[in-house]
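By written order: A, B, C, D and E. Residues from 1 in each chain.
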């Protein structure tokens, strides 16, 4: 079908299997190197190179290649398929650019050693998530990327960061519980104790626990992707993290949820009911993210809500693929995700650039931000337009298709709001450190160019198709409408009141009260049970109960 | 080869002589050497059982049951012996005085009690006679209670008193069960009893005797709702002592509980009684888990975590007594693996907590911010041990959790699966609480000047990695654990 | 006729126990407990278990009584618990349940008497109970010696001085009352004689290491209470050797049996009686000393100059 | 002959029991410790002596008889010495309580 | 109803008294007494079992009697340890009473 997805364009000398393993091992080695005091100073500089093996692997390793790293009982296997390669390559680019940015951004920060450790661990986890092919290792990789991302979120150690970190951890542990339950049910469908994901998913449609598995998988992965209502942690976490951290979180860590869906949902086999549900949630989240993002007053929180919205779109695309059972739709969702990954990473870095520079320089940065925003919104002749056109293949012009194009209006409006916020964010007097300018610009350029390179191999259509007459027409009116709306609102001085980040979280006050109540209840029950007469009576009662029961 | 069993019992006791007669420094070293040899012996027993594929057996004084007492090591007991010997040896090393340091870290009494614990535990795992097991349980209690109040503070003394009295109440009930069993069958030997039970289905009175023995064992293992003595005792004891108490001492009564219901009781009786034990287990996981989250002191949090983790064993009973042999064997392996990996991770966590308390001078959680900077190895040990409790791969906890979940799923026991998952969530709560605090910087920026003691943190880390190493066991019923089951004496007509 | 006597004895024991449990003042409870102990000894005598009767009276009520009396001194009376009615109901239920269980015991009572009687001649012992204790289930006896030693270690672990130096706290302030000195001078020699007899006769008649050890301990305590003997120092090496003589003497005999008779804790063929006798002497000495030291309590550390 | 012995036994033992009853009555009814000790040692010793005398003819062998007498002798020595120690302790405790009561107004 | 059974019933009554003591005792001493009496009751039942097992020329089955002797010594060790703890607790904080 598409060239890029099957044959490697660049013959290379290193054995492909070793490259896959090296992609994960390199960042892990860096994290372990932090333990040796001698290497500690070197590590921040090496962070830029760590993603290199992953990038080469994404580009060079033939698709469908799988390598058995550990023998029978563990079956720790790595494999590279189309979607995996796309996401791996995009992630590698983002990690390199953000790594360079972080190197300069963190030069004066006393805790840069700790940040570098969490950075390397999250990077290793993210590459592993895209590569592993067996269930237990996927759970390990997913846990690694989720828990080490906590280190990036709470790096600044401010009260908001701590609150956001605790919420992130609580929901991550909840997500892990959902996934372990789903994986156990999946694995029970096969004879293997630790089956390959491919075999487990093959047995899914016929499994007696099918609906439970799909529900738990969706709950676990959409929590990571940030679909409504499990998105509450994302605006809080991405806003408090340092700029490169936010870029990595919003760009790559969120995609762990995407690859989870792509791996664990059957490709080309229709799951009635679930596909539509996912599409509906995706579309609702797309609009919900925009509606709340527009009210934000800080560029990073606006971007976080934009991520929520875009992940809603990706969810909708995957849902549509599930509903229709269209084979080969998943790589397109991955392509859209990569486009979002690079654009969002670039936007965060540009926002960081603006925030660190004088008002004049901030306005120039806002220009770049505007271009990136337009690409995300899908302005014709931009990478975003290619992505929007590609998902049209998966989501034909039904209600879902129309709503998705309508969401482009929203994202155009949100991107305009982001650009406005970036212009106003230049507060510093001196010029930003040189080290952060170059990576931001480089990533912006990559974000705009890469979709052009990927469009043909992924969709199999010539570039011209995306720029044909009617495609342009369908692409331009949503963006125009969005910008018009933005102009109107800007003229009225953005009258919208700011919704505090984590929106429905504040509606969950009673939930927290309920939890405190259970806490007190348990402590009271424990105190009563631990009084001697009660415990002694319980002992005798237990003996009597066992005697009665054990006939 | 069966001589190993006798040596495993008697060698630890030999360490008492130098401790009582020679000075404290010589006594400490002798105790460590003896415990190391004891660990070697236990591992040798495990290897012998694994290689021969049969259980080792030995008749004391050459007399076969019913008159004599038999010792027998099957796969399950060999695994538990290996675990407890390793933890005891490492704890003795942890409690040693630093080389060249003047004052001893722990009084000589600590090492005497540790040696007695080693012998009592091996006896509990090997003895096949119910009364000898009673004496083993008493030996265990008398060695454990003074451990709780070594520092002599009133709170510790009160906790030790409650522990002693409740444990004695439990052991009297156990003894009552033993008396009734002897009254009905005229023998106290496991193999002969199960042979007699196989012939004629027992009446309600054997069920009552088994119930009394189980209640006694649950009291000594502090299984919910009988956990009144565990939190104050394990939190009040000095760190090396609470590591041993939480990791291995409560495992002997749990081991015997499993022996009673899985090896002695006929299957229909075991299936009938299993739900009661499972409900107690679920109560332990949920109530003690939530109460652990409400604790403000680190050692109390870990003690409640112990009370909660014991509950997983309660959940094992209905699954291990299930109809399907494969899934029962899987639950059996999962339960045993949880026992062993909990021992390693809990010992590591208590040792780490001890080191952190030494550096900060207290163990109030709120005041431990920045611990990762001041005591990195201890926090690492606590974290890795904690992740095993949480059930994150690669760790023994994860493998055990998956085995229990799979067995629960296949046998349709949905609520057990839900409780196991909820337990994982709560464990996440109380483990990550310290890790999050450790990563934060204290508001007033003042970190204690003291640094953690490196080699002792290394021991805690080694134990934590022991729990991780268990994660590499395959997710299938372990053949080693089913060697020597069902229990029968070789070369003896039943 | 004897049934009536046994029924009365049983009721008497239960009555004494109820008195001990429901007494408000701690000292009254302990005294009732000691009375209960002696009555229980009577019950054991009626159950054709002279050895157990001796042990019960000597250890169960005698020395336990002394220990408990020391504990009761100065304890305030405890207000009765609130839920006594419920507790009474539960207790009655426990008693009835147990009674039902006991009545449900199988009629041809299973017994090891035949096996024991058959295996007894090989050990050269006459008293079957001593045979079981020292020959057939020697492991239980070895462990029980370790339990005794461990109880002492546990008591001493409560001492303020971790190295266990010095003598235990004096039993009472001031000089010992004259009459007890007289009593001690009269009773101690007789008691020692009785203890020695119990030890020697134990092989073939009711008696044995435990009972003689307890009697000797009682005499030792009497002498200490009368001030005739100084309180023993905890760190005295000879004292600790005697303490270790019992458990490790039996252990050594066990290894010796292993070498000669091929099984741990067996006795060299032909030499059972002498070896058992030596072991019994060692056990009696260490039991007597351990019981005395356990009653006296932990060492009080170096005397302040 | 045995009839006569039985009669003697019956007579003596019942007398002994009577003394024991008196001693117990004294224990329950008398006001303070000293009088109670007095009642106990006096009545019970005589009661025991009578019972031992009454049982002597029933004793199977001479050794059994000697043992019973030895038991009686032991009881005499013990109760003699112990009653004095108890008396001292009782008076001591009474003094302590008296001084304690004065301190409390 | 043999005499052994009478003493077994007496043992059951003792167990009841011991349980009552353990349930209602406010202080440690009451619990120690309760434990001892409960133990005494259990041993008495064991003695009755031994007496019922008389045979082969022996007035009672020697094995339970040996076990009871060991049990009594172990119970004494427990009492001694508990009392030592109680005395030390009393010395440590003045009041012997403690709440669980």
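Convention: a contact is a pair of C-beta atoms (placed from the backbone, for glycine too) under 8 Å apart; a residue touches a chain by one contact, two chains touch by 3 or more.
Keep in mind it's a predicted model, so treat the numbers as computed, not measured.
Q: For subunit A and subunit E, which third chains touch each of them?
A: Intersection of subunit A and subunit E contact lists gives B, C.
Q: Indicate the lowest number of steps between subunit B and subunit E, counting one step per move to a touching chain.
A: Tracing touching chains, the least step count from subunit B to subunit E comes to 1.
Q: Out of every possible chain pairing, which has the most C-beta contacts?
A: So the pair of chains linked by the most contacts is C-E.
Q: With chain centres set to the mean of the C-alpha atoms, which chain is at the far end from subunit D?
A: A
Q: Counting only Cα atoms for the centres, state how far subunit C is from subunit E in Å.
A: 12
Q: Averaging only over C-alpha atoms, locate the centres of subunit A and subunit B and give their separation in whole Å.
A: Chain centres of subunit A and subunit B, defined by C-alpha means, are spaced 42 Å apart.
Q: Just the number, please: Cα centre separation of subunit A and subunit C in whole Å.
A: Comparing mean C-alpha positions, subunit C is 72 Å from subunit A.
Q: Averaging only over C-alpha atoms, locate the centres of subunit B and subunit D and give their separation in whole Å.
A: 55
Q: Indicate the residues of subunit E shared as contacts by at least two other chains.
A: 15, 18-19, 22-24, 31-32, 45, 49, 52-53, 63, 67, 70, 74, 77-78, 81, 85-86, 88, 100
Q: Please output the residue numbers of subunit A that touch at least 2 other chains, ranges allowed.
A: In subunit A, 530-533, 535-537, 540, 544, 547 touch at least two other chains.
Q: Touching pairs of chains, which are they?
A: A-B, A-C, A-E, B-C, B-E, C-D, C-E
Q: Provide the residue numbers of subunit B that touch subunit C in the complex, in ascending order.
A: 3, 6, 10, 13, 16-17, 20-21, 24, 58-63, 66-69, 104, 107-109, 112-113, 116, 119, 123, 131-132, 135-136, 138-139, 142-143, 145-146, 149-150, 152, 176, 180, 183-187, 203-205, 208-209
Q: Using the touch rule from the top, collect the residues of subunit C that touch subunit A in their complex.
A: Result: residues 81, 83, 86-87, 90, 93-94, 97 of subunit C touch subunit A.
Q: So in the complex, which bits of subunit A are touching subunit C?
A: Touch residues, subunit A against subunit C: 533, 537, 540, 544, 547.
Q: Which bits of subunit C are touching subunit E when the two form their complex?
A: Within the complex, subunit C touches subunit E at residues 2-3, 6-7, 9-11, 13-14, 17-18, 20-22, 26, 29-30, 33, 36-37, 40, 43-44, 46-49, 51-52, 55-56, 59-60, 63-64, 67-68, 70-72, 74-76, 78-81, 83-84, 87-88, 90-92, 94-96, 98-99, 102-103, 105, 109-114, 116-118, 128-129, 131-133, 136-137, 140-141, 144, 147-148, 150-151, 154-155, 158, 210, 291, 294-295, 297-298.
Q: Write out the stretch or stretches of subunit E touching subunit C in their complex.
A: 1, 3-21, 23-27, 29-30, 32-34, 36-37, 40-41, 43-45, 47-63, 65-70, 72-81, 83-88, 90, 95-97
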